[in-house]
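One structure coming up, written as structure tokens, with questions to follow.
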Amino acid sequence: MQLDQIFSPSVQHTLDVIGIFVFAISGALLAVRKNFDVFGMAVLAEVTALGGGLLRDLIIGAVPPAAFTDLGFFVTPLLATVVVFFLHPHVERIQAAVLVFDAAGLGLFCVTGTTKAYSHGLGLTASATLGLATAVGGGVLRDVLANEVPSLLRWDRDLYAVPAIVGATMVVLCIRFDALTSLTSGLAAATAFVLRLLAMKFHWRAPRAWNRRSTVTEE
Amino acid sequence: MQLDQIFSPSVQHTLDVIGIFVFAISGALLAVRKNFDVFGMAVLAEVTALGGGLLRDLIIGAVPPAAFTDLGFFVTPLLATVVVFFLHPHVERIQAAVLVFDAAGLGLFCVTGTTKAYSHGLGLTASATLGLATAVGGGVLRDVLANEVPSLLRWDRDLYAVPAIVGATMVVLCIRFDALTSLTSGLAAATAFVLRLLAMKFHWRAPRAWNRRSTVTEE
Amino acid sequence: MQLDQIFSPSVQHTLDVIGIFVFAISGALLAVRKNFDVFGMAVLAEVTALGGGLLRDLIIGAVPPAAFTDLGFFVTPLLATVVVFFLHPHVERIQAAVLVFDAAGLGLFCVTGTTKAYSHGLGLTASATLGLATAVGGGVLRDVLANEVPSLLRWDRDLYAVPAIVGATMVVLCIRFDALTSLTSGLAAATAFVLRLLAMKFHWRAPRAWNRRSTVTEE
């Protein structure tokens, strides 16, 4: 259980709230683009920000999930909704900045998700998988609710899962070799963060199956 | 736990079954419109009727969920499927009546969902949120399975979430001020019900973000 | 709990892994058709193979779910992803064979899902329902993530739910009459398997509601 406290509780909570806020911004922005009303914006903001952690908590049996026990976690996406509601053209304009924060959220959530899963008794592989699910699950739920193909799965989007996989893997390796400290955790989060920034800058993409094949025609 | 029994158990159960039936009708009707077969109708009826409560029960840790322990809850959507299967043109014709019943289900479920969540130890805000989720969750799952944009999120639909939010908020205020009785619960359900009817009659809608802005062009 | 062991544990595990593998193949193939990258293939393979059992385990309260405690269950879909990644034109060519294996997975999962739910204390109807959910849930999640109408619900697809319903019903009848052995379980799985093969061969389909009506026009 101490694993949950590799950062001091207040630092951890502040980081979580920041991650929740930036994910919520991305949800509210998609709602604006999809022509949803203000309640649709709030729903999408909440789901994007809290969905990954909710999924993780249900799977590890940590009920009620943190999303429903921490008032700050619940209110933060509503604040993000208000910001986007009144300022969305400005938020759109600083889209690049939003993506940087989103990358920060990705790095942070893959680390805290992995740590929380492990502290609830899951194995190393399962913990890393749940770290990944924590980081990307909210975005997938957001896209499913908005009736879009999840951008996580699309080949024409810059790498998103890989940075989170790397971060989560670093955490379980640290756990395995008894080297998980706030320093190494921070390093794992920073690695995922930087990898995601590089993926956006250089448009890194993952291969599709058929690029490997030659003559098969698929439209 | 007594909170669950603000209505007498048999009255409560009858109200639940009525709510389940009308939600199931809406699911089966959408299945007909989407050209699904009879099994698709049954699946959509079950998911619409029981999905919101299932989600709530998973989150508050009430497993197995009521949907799987109460045979009446399971059979009712199948009855609704049979009704729609044989009578769907008639059911379509009385669509207005169906919507009235759906509004009744909305009012009822937001109250019972909030109460059940609170009786399982959640806070007031979380309880109201889960009351809302109970009331609207089934409809969202229905639309996701049918590959439609959830009507809950669309700006061009009459207010649906707001009546449920008002009803759930009334319940938690009653709990807060120690005034939750079958009378006040009924009042909260009735308020949500009437608000939804008014929203349909006068086509109340929630604002979209960009109505607030002027010169930004979005297609 | 012994109900879980109607097959010897190692036989049971081998059958589970085979079922997981063939479901994963179907997920990875859909990912290829949807133009997803290799990570999208892996996600869809995992979700298709493990989603039904995950849903069942969350509902019966068996957390953490088997999908996260058995490393073999997790790795198998990754192997299927590798196979499809390098060999997908070949896999497409043997699509008929894949469908046969998928039918085998369907038969197996409806039996083991029903048995596991019953051994966790659910009633007969609920157990059969969860057996069905185990067998078809992964495919529904796969289609939802791929932003397609679930093929389970479409009338223009050969019967898929009915064979699983028959298999699950046979299992609960055996439980009811105290006749559940590895033989009768195998028989139930085989029945579902053969029914699905026949449904594919003869293009059995379920009726849609409006075929029953005459003059109503629906586009």
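By letter and in written order, the chains are A, B and C; residue numbering begins at 1 in each of them.
The rule is simple: contacts are C-beta pairs under 8 Å (C-beta built on N, C-alpha and C of every residue); 3 or more make two chains touch, one makes a residue touch a chain.
Quick caveat: nothing in here was measured; it's all calculated off a predicted structure.
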item: Interface composition of copies subunit A and subunit B: same or different, split at half; value: different
item: Superposing rotation of subunit B relative to subunit C, computed on C-alpha atoms, to nearest 5°; value: 120
item: Rounded Å distance, subunit A centre to subunit B centre (Cα mean); value: 29
item: Residue numbers of subunit C (touch at least two other chains); value: 58, 144, 147
item: Subunit B-touching residues of subunit C, taken from the complex the two chains share; value: 58-61, 120-123, 125-126, 129-130, 140, 144, 147-150, 152-155, 161-162, 205-210, 212-213, 216, 218
item: Complex interface listing, subunit A residues touching subunit B; value: 31-41, 43-44, 54, 58, 63-65, 68-69, 71, 74, 84-86, 88-89, 144-147
